[in-house]
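Before anything else, here is the set of structures, which you'll find just below.
After this come two complexes, each holding chain A, first together with chain B and then together with chain C.
Let's look at the complex of A and B:
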């Protein structure tokens, strides 16, 4: 009977769906069962059975968050975004942790495809965050940022700041210190705005009409080389500012000192001097700034090129509006060209020895 | 030596052609390196008329520095020259009345009829090149011009002992132009003016020299003759009223006391061998007379203190103060001889590296020495003597913006530039030259290709 029961029980247990023997309920009432099956602990999440619980937890959490955020943004009517708005959003700059770091966090191996899927979700969330930030919903943006922070690198700011130069500092006199390099030469450039002289400042603040009339020079028409400019007041006006002779304008000039010598003495060749003055011409700041520079290394072309770069950087710092102009003129670019090395089997970098037929 | 080698070396180049012809016919080759020297053609002397000679001379223009000379307007017929739209360069005329304090920074043209000095005496090379390009000989009156002309006005009444001025300054600062303005001013103010624009040509052995046993110095007859002619040409009106105060016996004639000074000058202008003596005599006479003030103006003044390129019969270099005219100029410069009324004006030239101002002159003028100046560096006592008492008149190395603007205007109005007329271009060139006038014009305006 035990065997039959066992067989019956076994059949019942293992093949309950197939051929379960009919046992009337009344006879089962007094039956003693075997010990109850052990209660298994319920897994925290359904991803337990996936074998990569951590990974799928994270992924599902991110997907959830993405779904909720999308819903929220749709309610705020920020999604879908028209094309022109999409194009004008500020650029995304994401620095996610790499595969190994994320694997460490998740305490599991991460294959490339799974990593990519994760990063895909992170990028999606990052886009929603940008949208919320640009639209001004800072609380939403901050909440998304909390989620994303865990996946970003610690040195994110340092990485994003790579390639960007430090802002040029002004000292207590209003001078900038910039450095320019070209070939083997280095130029250290101190730039300061031209100070208006004391008499100009006094003159500009107080010009009485009496002084103006006395200052008008007695000149014949023959002597004025530019007849369009009247040396006296405009005829027909007896009073008011137009009856006065125009005050002579003191034109400020740019002085450039290189290693203590004036530019014209340090660079005897005209082309070098033109190269140095070019940033002023393109920026339209001739006469606005004075320059003192120390140059070292290389020859005249390298030194003049380095000086030009230093001056361009200084002008961009003093007057930020001219930076796009200087950039377009390639004056803010450090010329990477340098002397090409000599190669073995050649006389010089490119020059080859005479080809001999035999 | 064989005939062939002799032919090649040209030793029998003068042999009659008849003996050479049969032997050389076999050995002559057509290749240049092997061709023998051609024997000189001996022709019977023919009478050559002088008719054709003079025609060639007329075609050649006056000697100039080799720079181009502009064509006359009548030759410019192509429409691109726009000859119909030519306008005269209108500038105020350089006259003593116009040189006032307000005249500074104005460009003024030298008067055409009285600019004989420019043509007669010649010009320094850099100024000459400028005037070949400009429409008119002109210059910009600067504040330093007004100052210097004021000084010359003060010198008109006093002796030259107190008025020995040397213009100094960096290369390109405008010393030669300033001197030219002073010369023009003095000519118009009825001074007797002697102007030597290139004193380097006195000492660089470019003119003949001859030893004079009486003075134990070397004279330069050709140069002296030319100078006398030019002096007579420029100062003709004033010389009419001057007479000689001493008598000057020459080899075959004597110029007695009381004779017109023009006669003395004509003797030297006519006879080259008397010219150096006559020139010295003339300078002495000018120093004595008090009717007109005298200006002795010497550009490239430092060349008078350098050793000349001449050689004596023992091949030793002839010192500059052993040449008659430089010696006379040095004596007036140092105050050993003085003009009763007038001034001595010199201008240093920093361009020529073969004739740099020597240490003695630099120290006398108080300039910064170019080389070592420690006590062990030799200083010739003669040169120290000749440099005593010279007054340094520094020319500012930077033009003011207004002066530079006047120069820029003159060049633009002459239509001599290929660069656009614009404030920005002007300021850029001014900045590149750091205000140096020479660099501003030569490099900034004429040589630039940056647009």
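Let's look at the complex of A and C:
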């Protein structure tokens, strides 16, 4: 091997070591030079020597995308954004995949610092997307969206919709269907507005097919039993000073049916009835709406609380201005309190057995 | 905010001059047609008007910019020029090195005795590096990079600080397929433990050992330098006054803490590398052409 190296060098001086053998130059003429080893291909990725090529390639691509987007937004005069323009931007709602799924996408093991750096870049791109969307540049927003949707969860919309209640629907008669729950009770509540035209007609029965079959069975019998009212005078007084008093104004009444029974019959206790009627009082809508409800489960307190919640939700749907008032009065909150479980070693949830000294 | 508007769109206004910027801000505040009202933007029309107003102001500046100072984007120095406009090795000057702060070494107490030949002296307790030595050594390093690249070699730029990430990346991009960069921590064993690091197939089939390594901050990467020495990889590095210059094969005595200096040096070496890559590709093209001619001449004429 020493000889071959010396010969291949060409310009090396022949050193007179004892180990080196003498080869006459004539024998060297036909010798084949050693071929250089085959050239191996070089690594593809420019970040190969970082040891985490996949991760850095993806991260640098995201950084490039962020830079290009920033330039585009600067050209569109949207960046830098002054403070008064930042106020009206909708809130950023980012639902990124979890660390394991992101590691799969990046094809690299993700430590916390690397994960945070990646999320930081994604959040930056998300901010640019929001800005492009709000300013009406949909093509740019869509292009950013294409990049970001790889990193977002599939059920992003479902997650963002959590906690938001579905809007209450009105059917063809103008009725709403709401549900209220309290303790073990459930109340299904149908609410309809009281029709004002029927009350203006003096003395006439207020049966109107527009009210629907809910209130009709309750209001008509009451109306038809009363005698026709004169223009002046309290009914029943034909002579004397009271006959000259102005006729009492017919006040619209809220009729509430619970499981087919009137409220008074279903809830014999005043507390329960007051609880049910409280949403109307707070909203100032006593006499404006009729209610039909089916309640099930629990006892009187639970059923009346469930009914109150159902009525409050219905009122908030019919009259949206009333919603803040009901919310402040905590009538739109489903009371989460329920019966506490019994524990071992105790007679009831909290009650302890009699303490014995020995 | 006015300054940032000017930075992007007004070519003729001297950005370095605060007086001009203040004047422009006054113009903007007083001119009603260009003034953007500070109302919250609600509808898409509000946003469009906001963008149009700003664009109007920029156009105004551009139009009148031609009548002002003769300083333009092209003939005014800006801090990002060291990164985006690299100097060619034949054009580098002593004043460029001084302007980037390459002559500032570390404190006298930390001076390495082997560095003394490259030190000009001491001022205010700080070693001043002799740039008369630095310049030829820098050009020698550029020759090495060009030579390695011209023979199809791979070059790794190592800069493991936050402000060095971008310069090494851009330097590697300039060298195309033959350039690599390490902007984060160099993992110990990248070269000496490559079978475990990259897998036996990659270690066997690809050329994992680079042909040249350039270190912009050698002190934190001393293990990388050791690995290069063990694997017989030639090294170039920016050595400061507290470092023994013999740790790398081709030292460049300069300030290792200055971002501008690192950008200047990495840019210069990558430009030399780019020239080498061009030479290599030319030779490859010639060889391919010659090979195809030979193949055609050997084919029987049909």
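Just so it is clear, the second predicted complex is superposed on the first by the 223 of 358 C-alpha atoms of A that agree within 3 Å, B and C clash if a C-alpha of one lies under 4 Å from a C-alpha of the other, contacts with A are read in each partner's own complex, and residues count from 1 in each chain.
Keep this in mind: a contact is a pair of C-beta atoms (placed from the backbone, for glycine too) under 8 Å apart; a residue touches a chain by one contact, two chains touch by 3 or more.
Here the structure is a predicted model, which means the values were calculated and not measured.
A.B. asks: Is A:253 touching anything from chain B or chain C once the two structures are fitted on A? First, second, both or neither.
C.D. replies: first
A.B. asks: Which partner does A:134 contact after superposing on A: first (chain B), second (chain C), both, neither?
C.D. replies: second
A.B. asks: If we overlay the two complexes on their shared chain A, which of chain B and chain C does A:243 touch? Say first, second, both or neither.
C.D. replies: Once the two structures are laid over each other on A, A:243 reaches no partner at all.
A.B. asks: Once chain A of both complexes is superposed, is A:281 in touch with chain B (first), chain C (second), both, or neither?
C.D. replies: first
A.B. asks: Which holds for A:40: it touches chain B only (first), chain C only (second), both, or neither?
C.D. replies: It touches chain C, and chain B stays clear.
A.B. asks: Okay, in this complex, where on chain C does chain A touch?
C.D. replies: 1, 4, 8, 36, 38-42, 44, 47-48, 50-51, 54-55, 58, 152, 154, 156, 158, 169, 172-173, 177-184, 186-187, 190, 197, 202, 205-208, 210
A.B. asks: Across the complex, what residues on chain A touch chain C?
C.D. replies: Residue positions touching the partner: 39-43, 46-51, 56, 60, 74, 76-78, 80, 82, 84-85, 87-88, 134-136.
A.B. asks: Using the touch definition from the top, list the residues of chain B that touch chain A in their complex.
C.D. replies: Per the touch definition, chain B meets chain A at residues 90, 92, 102, 106-107, 401, 406, 409, 413, 424, 427-428, 430-436, 439, 443-444, 447-448, 450.
A.B. asks: In their shared complex, at which residues does chain A touch chain B?
C.D. replies: 217-220, 222-223, 225-226, 251, 253-256, 262-265, 270, 273-274, 276-278, 280-281, 284, 286-287
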